[in-house]
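Here subunit A shows up in two complexes: once beside subunit B, once beside subunit C.
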Partner chain A sequence: MTRYLLRRLGHGLLIIFGVSLLLFILQQAAPGDFLSDMKLNGQISEDTAKVLRAQYGVDQPLPRRYGRWMLSVAKGELGYSFAYNVSASSLLAPRVLNTLLLSVPALAITWIIAVPLGVVASAWRGRWLDRFFSAGTSLALAMPDLLLALLAILIALRTHRYPVGGMHSVGAQDWGWFARMKDLGWHMVLPVAVVVIGSVSPILRQVRSSMIAVLDSSYMRAAEGHGLRKWTLLFRHALPAAANPLISLFGLSVAMLLSVTLLVEVVMSWPGIGPLLLESILSRDLFVVIGAVMLSTLLLVIGNLIADVLLYAVDPRIRVQA
Partner chain B sequence: MTQRKRTKLVWAAWFLAVLHLVVLLAGFFAPYSYDTQDREHPYAAPMRVHLVDAAGRWHFRPFVYGLKAREGSLTAYEEDHTQMFPVNLFVAGEPYTVLGRFHFQTHLLGVQSKAGVEAPARIYLLGADGFGRDQFSRILYGGQVSLFAGILAATLSAIGGLFLGMVAGMFGRPLDDVIMRVGEIFIALPWLYLLISVRAFLPLQMSSTATFALVVGVIGIVGWGRPARLVRNVVLSARERNFVLAARGFGAGKFYLMRRHILPATMSVILPQMALLVPLFMMAEVTLSFLGLGVGEPFPSWGNMLASAQQFHVISSYWWMLLPGLAPAPVFLACHALADSWQEKLKSAV
Partner chain C sequence: MSSLNVVSPNPEQLLRVSGLSVEYRSASGGIIHAVRDLDLAIGEQESVGVLGASGSGKSSLAAALLRLLPANAEWVAGDIQIRGKSLSTLPRAELRRMRGAGIALISQEPALALNPVLPVGRQIHDVLQAHFTLDQTQCNEKSVAMLRAVGFDDPERILRAYPHQLSGGERQRAAIAQALVCQPAFLIADEPLSSLDAVTQSEVLRLLQRFRRELKMAMLFITHNAGVLSALADRVVVMRAGEIVASGKLDELGRNADPYVRSLIHPEEALTASNGASTHGASTRGDVKNFPSARAYAATVSATSMNSANFAEQTVRMPQQEGSTPLLEVVGLTKEFTQRGFLSRKKFTVRALDAVDLSLRQGSAVAVIGRSGSGKSTLARVIAGFERADEGQVLLQGVPKEKSQPIVREVQMIFQDAGTALNARFSAAESIYEPLVVAGQGTELERRQRAVQLMEEVGLDPDWYGRPAGEFSGGQKQRLALARALAADPKLLILDEAFSGLDLPLQAQMLRLLLDLQSRHGLTYLLITHDLNFISLFASEVIVMDEGRIVERTTPLRMRESSQSVTQQLVRSAERMHAPGLEAMA
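== the complex of A and B ==
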């Protein structure tokens, strides 16, 4: 168990390391940065800019800068924001919580919806229910997530039932905790719904196709011949057998979901990583950009680790190997 | 391969071909240029094309009514029944260029002002935006950016993936390990984060052609992982096949083998994969332009056209501003149908 987990953990760390290296190399290739943009400001002299460059260490060669960044990561700072003159992590930390607040419930709901529906679709393959789901997922796949988010805003504007973007009502900080939670939940409904609609289709399809592969096998037919009840057959026997590729998909679905979440955050002004990332790109605040991408990578790696643990729990073959 | 699948393949291919042709010849099919403004009619609603006039008379030629501002409003209009403009085919209008070289003046359809009538005739099939620019024309021109960004980026990443996948498959370790590990990172990361961060390190203000090339390049660079992995797997299995082993036994070199035997084998995965990547990359361009990191005004892309819908008053009052967001949907469906049936066809051909 520990060896298997350590190996997976090492793999995750390798991905994180690789991404950070990649970002630094890309950054090196970038023409200009926050400080060179500052030259456009007439009030800042050439000398000041030079001093600032030295102070921030931007004039150092790439390996040294990378080393310094690693040190600041070790200190939990993730570099510093040029624009706000604070450590990047102090900007990112509250944002990450908000992103998690949006993406974790969305991830849970997505899977809770996708698995039973996929199983049902596979069990009644080719019948009207299956066709209905297949048409529905095609449609949801074809709908750009952008449009879904905009439509959600339109619904909020037209019905007046839901808040139009944002995370809190005005003045909510003075309310009691229960009222605040209720307010937050109310603000979460539409963004979570959009993220779920945007990411449920591929998972549902995958559940269906891997269930079909299992249902076609001869031992399933034998179990059917023994007169097991259909629901027992599907959920007690077929689903665990089909679970393997689905658990691997869980890790990938985290990445997919994070992309949709980013878009939803920007369009529906949810104060997560997304809007901060966009803002820091426009002001060329590169360490914040790198920090945001690294955090999304971290979330992805965590998702993959959860998938690995689940796989270990579900698949005896891996337990024997490890 | 069933007959139904074959029909689906043909339909999807034709639909995409026609769509691309229309978009390429946007100048002809669009009544106006993408930047022709009409300050008299911001946010004009989609016009109704009539056959029956207000008095109940039938007309042989379809026509539209002129617009007049509704009482007490600046951006709501009603039909002005005193002004009738017949819709003509092949009318002479604003000059435009096709493929950057050929100059024409004839548009597929348009309306012409009658002499002596004050208001210039305009036809807004899908409404107008805040500058009075025709949405229909802009969607067609926007397709030039969005559709072709998808195709070019898919081609780019397919070529990159083909090259790297072949190298990884043919030359084995340690090159294989390096390429595949890096590719894995590209596949595993949330693509939007990756896309935006790669874009972040490149200059923000550029001419629209340069931005287009840049966006295509960025998407292509970010997307090579998946095709590379597919190609590598095909290469690994193809190089062990008997005819390849035989050719190698006769003294064929690595490059001859790659060109003559391995490359054709990879086509059966790379082409359907491209059909799947095109809509994905199209959406990547739309998203980047929507966020203001892609092609900028005045040239339209389906993404930057949608950006104005972020303003609450626009989205709540003028639903036609959301239409550019609907435009990718049929492309998406057609590409998926194409990939689906193409895969089957190539599979049955092997």
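== the complex of A and C ==
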């Protein structure tokens, strides 16, 4: 178990390292940097620009810049922000928490909805219930996440029941902690709902098809022949057997969900990584972009690590090693 | 027929099937009549054997009796009454209570009848809790008692074990425990023995006989091996194409002149027959009987089988005439497998092969027999290059067998279930010549010609070369797999339980084909098998394996006089099962 975990962890670290290297090479290939725009500004002379470039270290060769960035990662700074003149990590840290606040509940709710519905759809395959789900998921899949987010804002505007974007009400910092929590929860409803709707369909479909493969198997027929109750058959016998591909999907769903979350954050002005990432890409604030992408990679790796451990726990066959 | 339905139910009658018809809709839109207008009655405590070749509708009958037909099958007509209750009108809840508690099912593949991700104990508990209100301790007591009854000395270990941690025989016994734990009045056993080794088969058979007595169960025993039924069935019905073509006591049926019935009850006749009269199932055009050499071979066999000892001695002597270097030499092969538990450091090491030596001469046919788990499949996989040995060497014509391509191609393997080894979407021709594509041999046209030629050689109609492999029947798929293995022009063919999934008449046909190919191409066979079917007619040398070691090298004739307990056990079990072709040993 420990060896298995360590090996998986090693893979994860290797991926993170690889992604960081790739990011540096890719950004090198893209034209311009944060200071390029200064050339358009007549008030800044060639010399000043040169001095600034030297000061920021952008004129140095790639391996050297990568080395320096690694050094700052080791110090926990993740490089520095050109635009804000602070370390990238101090910008990213609070926003990562906000993003997690949105994506973790959304992830949980997505799976809590998708699994039972997928199981039910598979058990009544081809009947009206299954068709209803199939139509519903098709619709949700076809709908762009952007449109969903805008629809949510429209609902908030029309009904006046939900806050329109943001994370806190104005003046909330003066309230008691309970009122603040309630306010936060109220702000979370719509964004979480949009993320869930945007990511539930593929998972539900995967649960359904994975279950159908198991329900057609001979051991399920044998179990049915032993007179087991339908719900025992479905949830106690079929679901664990169908869990394998779903657990792998769990790791991937973290990435999928994160991408929806970032978009929703931008549209619904949730102060997470999303808006910051967009802003830093537009202003070529290199290290903030790299930091944000690296954090997403980290979340993805953690998601997959959790999936690996779950897989090891759920499927006794994985434990067989030659 | 309709008048039968109004007659009040006979109290002595447990099961009454009248006019049952079941149809399957195939993917291409056609309708297959799996069961046609079938009548069958079984009394309380009566045991009825259903005998039939594959595709005769036996399993569909079993599924219909539990209303467990797959989604693409339809119960079109007829009625099934169990103790006077009509199954078709039984409410869902009552049907569920009847399954498992009233009628139990033991299905074909023990490996596939248990859920792979749940411990055996939980699967037995769930059956109990579906029918009785029991608490955890009562459940445990009952399951332990049941597991003990099916012959486990350590029921606690079995309760905790996952199916993959059990051997094939243990799995089948666990599946029987699961089926019988609620003490049903009627047991349907659908080919419960076909994938077990000979020793386990006879153990399971005895177990079923005992339970039948103790639980006073009625039984419907479905099989393609008539030998089994002599010990188990009061009455036998023979099915073909969804209909009952004959019925009666087994020895009465043995005197039946119908070639189909004969081929089921005396399958070894197909191997020794001097003409194609008894090869009922080979409706394929261009069958073996069209080959002059096959006929010539059959003639030799029928001549020598008068004195079968003579015949076997001949085949034993034959290999020694060849050159001095053996085709295949295996020296000191050792292979271990390690398994570990979740959150525990405990390791189980299984020594699958323990310093195995083996030598095969060109043109010989050697059988490796042993119980499942004796390491024979690992041996085959190492020779074929699928597994790497921890120690030891495989020499092919005196040269160490490394990963070099041309040498590897000289060894081909045919697996137990040919259907899963073939890509169902490939056409027959593509399936056959794919190894040539991989090896980069020949032009497109040459490959096609070779495929057609091979199809003729293995007795498949060459007109079918464009048909998807998935549309061939089980026996035909096995022939396709054989043609595919021959495409690369191998010297050694490893047959890893290659015929275990086939019914006996088909096994006989395949073996006859192999013998014919051997005489024409000088092929060498390594037959890995757990039963002794036809062994004396096919192999010149027998190697008996147990726990990763070769315990004995002998000939089929001398097996009976063996002093090794493993060999004796295998022979005794085969005799109990009336393995066809074993008679020649006497």
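The rule is short, and it goes like this: the second predicted complex is superposed on the first by the 320 of 322 C-alpha atoms of A that agree within 3 Å, B and C clash if a C-alpha of one lies under 4 Å from a C-alpha of the other, contacts with A are read in each partner's own complex, and residues count from 1 in each chain.
Everything below uses one rule, namely that a residue touches a chain if its C-beta (ideal position, glycine included) is under 8 Å from a C-beta of that chain, and two chains touch if they have at least 3 such contacts.
None of these values were measured; they are calculated from a predicted model.
Superposition note: with subunit A as the common reference, subunit B and subunit C are in steric clash. Of the two partner chains placed by the overlay, only subunit B lies in contact with A:Ala255; subunit C stays clear of it.
Legend: residue contacts after superposition of the two complexes on their common chain; A:Thr232 is shown touching subunit C, with no touch to subunit B. In the superposition on chain A, A:Ile153 makes contact with subunit B only, while subunit C stays out of contact range. By the document's definition of touching, neither partner reaches A:Leu100: not subunit B, not subunit C.
When the shared chain is aligned, subunit B comes close enough to touch A:Val19, but subunit C does not. With both structures placed on the common chain, the touch criterion links A:Ala29 to subunit B but leaves subunit C unconnected. Contacts of A:Ala292 after superposition on the shared chain: subunit B is touched, whereas subunit C is not. After superposition on the shared chain, subunit A has more residues touched by B, the comparison being subunit B against subunit C. Superposed model on chain A: among 4-12, 202-210, 238-246 or 256-264, the stretch of subunit B in collision with subunit C is 238-246, the rest showing no clash.
Across the complex, subunit A is touched by residues 66, 68, 70, 96-101, 104-105, 107-109, 112-118, 123, 126-127, 129-131, 162, 164-165, 175, 178-179, 182, 337-344 of subunit C.
Only residues 181-182, 184-185, 188-194, 196-204, 283, 286-287, 290-293, 303, 306, 309-310, 312, 315-316, 319, 322, 325-326, 328-330, 332-333, 336 of subunit B touch subunit A when the two sit together in their complex. The touching residues of subunit A, counted against subunit B in their complex, run 14-15, 18-19, 22-23, 26-27, 29-32, 138, 141-144, 146-147, 150-151, 153-154, 157-158, 164, 251-252, 255-256, 258-259, 262-263, 266-267, 277-278, 280-282, 284, 286, 289-290, 292-293, 296-297, 300, 304. On subunit A, the positions that touch subunit C within their shared complex are 1, 216-230, 232, 236-237, 240-241, 243, 312-317, 319-322.
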